[in-house]
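Following this line, the structures themselves.
After this come two complexes, each holding subunit A, first together with subunit B and then together with subunit C.
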Partner chain A sequence: MTIFIIQLLNSFFYAAVLFLIAAGLSLIYGVMRIVNLAHGSLYALGAYVSAWVVGGTVGHAASGTLGLAGLLLLLPVGAVAVAVVGAVIEPTLLRPLYRRPEEYHLLITFGLLMILEDAMKFLFGGTPLTAGSIMDHMGSIPIGRLLYPTYNLFVIAIGLIAALGLWWIIYRTKFGVILRATSQDRRMAAALGLNVSRVYVQAFAIGCFMAGLGGAVVVPAQAAVLGMGIEALILAFVVVVIGGLGSLEGALVGALIVGLVRTAGIQFFPEIELAVLYLIAMAVLLIRPTGLFGRA
Partner chain B sequence: MLEVNAIDTYRGPAHILSGVSLRVDKKEVVCLVGRNGAGKTTTIESIMGFLPVRAGQILFHDEDVTGLPPHERAKRGIGYSPEDCGVFPDLSVSENLMISRWLGDEVAKRRNGGQRVDPDAQAFSLFPEVQSLLQRQGLHLSGGQRKMVAIARAMMLSPSLLLLDEAFEGLAPVVVNRFAEAVTKIKAMGVSILMAESHLGAATRIGDRLYAIDRGEIIFHGSPREALADEKVMKALRG
Partner chain C sequence: MTQQQLNRRNFLNSLGITVGAAAATSVPAIAPAVAQVARSPKGNIPSTPLKFGHMTFLTGPAAVLGDPSLKGHILAAEEINAQGGILGKRKIETITADENAGTDANVKELRRMKLSEKIDMFTGVISSGNTPALGPVAEELGLLTIFVDGCTDFLWDKAVPNPKFTFRITNIQSADGVTCAVAAAQTWPTAKKIAHIHPDYSYGRNAFDHFMIAYKKMVPGAEVVSEGWPKLGTTDFTAHITKTISSNPDLIMSSVWGGDYVALYKQALRYGMFNNAKFASTIAFGVAPHAIGKDHPEGVIAGVHSNYYFTFPPGNRWPANKTFVEKYFKRWIEYPNFQSDGAYHTLHMYRTAVEKANGLVGGWPDEEAIISQLEGMYFETAAGYLYIRPDNHQGYKDAVTGFSKNVAEYPFQILDPGRMITIPIRNITAPPNWPKPGTSHNDPTSTYNWIKETWPQEVA
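This part shows the complex of A and B:
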């Protein structure tokens, strides 16, 4: 029973991180109809920046005065940095291509993926970076006869808060109405006086923030390493294929399905764990091509 | 109020409008009539800023708006109801109306410290039934209801000029009368209207002046009575 609860929590932890990445990917697609292949690299950038800032602070003599709260407050710096990068990328690289066919979007975001991967290699080197001190500070809580890292529960809570926060922003605020209107008919939104270009920058920056936050929350538990972005991108795609690209509910349910299947896979069928995920994605594509919550 | 001076507009490589000129004065209903594909929608979309104008000029309240994006034109008081109504399908009617009310408030604040005619009263006086649809999603509206919401939404902006693209298309004759009454009411509110219309009958009933367009060129300008008597106009409209 204890093992089952721990595995369930592990899958929720995993789902929380995947939700942050996939929700950003879905938000960007939902509003701008761009499949952002660089999304995984933006997640990795968030991880690197947060690990670098937290690691650098811990290494500094003054870190003792910061404590756990201070380190936790430093963690979202990576997400903010990625949002700023997003706010620069959208008007400079993506905006000129909106009128072009989708393959141009794929090409430019794939190019961006390569550039970001190299930029991270150049800036942070090949050595993995970690913010593990946060995990050490938070300790563990007993579950049955075993101990479970408190930090993992913190990440699950962040995932839940992010899901509720995003839902509230999209369905309950003025900005959400503007975002939904722009995503449904950008021409009409403009005719009603909405500055669509500004909405696009904001939506892209929020999507990037989500990816960066995913990276930021993961580095206390796992080190930031080169290539982590590609792996995350593939899994985020599995999530949005299952849930439906452009749907917030889809990102949440898709992340939970992938989290649960992956945890079960590691436990019971580690050799074909990823294959099972792809099979589920393929089945969804065949039966319901728009995903569980997506619209045609 | 609105002056379109010899504009040339392309859709991709296709040259659609050549040297189109028209004028809309204060408190005036002007109809742009023509067959399908004659260039009516292209003219309306050029005025709204969706299509770039390659030559010519568009003046609104004596300001050159030719290079301005659509949202800046809306902020200057141009309301727009497109042929397909443009009602956001996943937004409720209330949310659809909310967007233009925000902009209307913003514009009014900038112009005269926030004072303006109650936009809700103005919009709902045209189509009172829109009030009973407020919670319904745009997706679940009938064709006539969508047209009502689109016009009510454009009026929420408190515009000084309303662009209506095929406002009567697809409506039952009884409903057409309701829309014609609404146009008269809008005019009485001091708002000018430029309507693109395929049916000469409706246009001559409510228009103060008429422009006829054929193959991207204005072929006639005058009163509805003159249009009905003009063989060239009748021929162009009949095809």
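This part shows the complex of A and C:
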């Protein structure tokens, strides 16, 4: 029973991080119809920046004066940095290509992926960066005879808050109405006097913020390592294939399915751990090609 | 069977294992070969530069190993060039290729480097997925090649069973699992319930197979209670850790490496994975030494790919290591790992072979003459003596592993200098001409079959 509870929490933790990444990917596609192949690398950038700040001299100073609170306040720096990078990328690299076919979007975002991967290796080096002090401060709680890291519960909570927050922004605010209107018909939205360019920058920056936040919250638990972005991108695609690209609910349900199925695979079928996720994605593609919540 | 019923202590003694700071190579130290005064070359040496192709991971997760490899290569090339080049005339020019491009692209790149860049020599390569694809192509092109790593047994067992142009400098992969098993059986002989966490590709499978075949011989009744096969590049190990703990193992064995390993041990600490079980790894400390924090658990078997750790053999016993570490640190402001050692000595070994061949034939020696000098070469490296076996062109040196410990001198955790374990390589690897897989047996490797057939079975 203890094992079951902890494995369930492990799945939620994994799903929370995946949701943050996949929701950003889906949001950007939903509004701008761009499949952002650099999304995973933006997630990695968030992880590296947060690890660099929290694990570096700034982190030591903050930890000395404010303790855990100081470190937690520094953690979102990675997410904000990635949002700023997004706000620069959209008008300079993506905007000139909206009228071009999709292949151009894939090419430019793939190029961006390569540049970001190299830039991160150049800036932060090949050695993994860590920000474990946050987890050391928070400790572990006993569940039965086993331990569970308190910080992981915090990440699950962040995932939930982010899901609720995004839902609220998209369905309950004026900005959300504008986003959805732009998403449905860009030209009509422009004709009605909306500043579509501004909406695009905002949507892209929010999507990037979500990716960066995913990286920022994962880094105290794991480490910022080379290649983590590519890994995350593939998993985020599995999530949106299952949930439906462009759908917020899809990202949430897809992330939960991937988290639970992966854990079940590890626990019961270790030999085919690699395959189970792709088998699920394949089954969904065969039965519902647009994903569980996708629009045709 | 009476002869087979050796007890473990006698058997371990027969392997010639040494533990502790006193252990060094079995050969007394002599003046380093690299420090010997070079004879003036015979005959007319052209001054055209030598073109080297060095392929390693420049991007992606494995760049954490690719970086030290390239740094070792560059350091050696700079040293040789500062002395005027090989035979005092031919300076080394290196073109690099990113191994991360994938096996097919790497094979094309190797052909391109030989055919259009006209490289004289090919080195590097980290992944065991790539050497078996590149080896046959290098043979076909007649391109002299010394692989730094990509140490799978499969390369010489199956892919290139009769090598002519290809060599490899780091220890063969099966030595990794066997070394780990010997160290664990010697240290914790009562550990019977074994849990495994390995990356799901050839390296992890090889470590699992060879650890178990050797360990079961020495610890009767040992059984696998849990298996985890994370994808290479995974950083979330929470579910693997929970599963491992839930199986109540005596010993957890892992071959997860690089950034993956850093992520694994950080998570395992918070789940208390190291509290109730022993831990043994083939390659935990094989990545750049400074990647391992002081929070890493102490007293675990933290392998170094059974090849090299920068504090061993200690400088006062083995000056070649002291010199190498000092030069490497001065150039790169970090400590070398086994890839640095391999890439660095690849160039010096090549240079030595060329110098010897020149002494015999004069002028710039052709490939055949250089190969004849590489085969059977007994060469001094930072890690100890290295022997290039003529039958399979594989480099062999005593396998090494150790226990993790925090010391004040270094800002990261190191291997306990007082408890280093070395095992003569010939005692844990199949001898020349042992049947290869697919001939008289279908075991994973020659060494696996050799252990299965010849090691005594300890009885309970």
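Here is the rule we go by: the second predicted complex is superposed on the first by the 289 of 296 C-alpha atoms of A that agree within 3 Å, B and C clash if a C-alpha of one lies under 4 Å from a C-alpha of the other, contacts with A are read in each partner's own complex, and residues count from 1 in each chain.
The rule we apply is simple: contacts are C-beta pairs under 8 Å (C-beta built on N, C-alpha and C of every residue); 3 or more make two chains touch, one makes a residue touch a chain.
Since the structure is predicted, the reported quantities are computational estimates derived from the model, not experimental observations.
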Combined model on subunit A: subunit C and subunit B, fit or clash: fit
Which of subunit B and subunit C A:Ser140 touches, first, second, both or neither: second
Angle at subunit A between subunit B and subunit C, C-alpha centres, nearest 10 degrees: 140
Partner contacting more residues of subunit A (subunit B vs subunit C): C
Partner chain(s) touched by A:Pro101 [first = subunit B, second = subunit C, both, neither]: neither
Partner chain in contact with A:Arg262 - subunit B first, subunit C second, else both or neither: second
Contacts of A:Glu231 with subunit B and subunit C, given as first, second, both or neither: second
Nearest-approach distance, in Å, of subunit C Cα atoms to those of subunit B in the combined model: 38
Subunit A residues touching subunit B - in the complex, by the definition given at the top: 174, 177-178, 180-181, 184-185, 187-196
Contact footprint of subunit A on subunit B as seen in their complex: 48-50, 69-71, 74-75, 80, 82, 86, 88-91, 95-96, 98-100, 102-103, 106-107, 153, 157
List of subunit C residues in touch with subunit A within their complex: 59-64, 66-67, 200, 227-231, 233-236, 238-240, 242-243, 245-246, 258-260, 262-263, 266-267, 270-272, 288, 290-291, 293, 295
Partner subunit C, residues of subunit A touching it in the complex: 3, 6-7, 10-11, 13-14, 17, 117-118, 121, 126-128, 130, 132, 135-136, 140, 146-149, 151-152, 218, 221-223, 225-228, 230-231, 262-263, 266-267, 270-271, 273-274
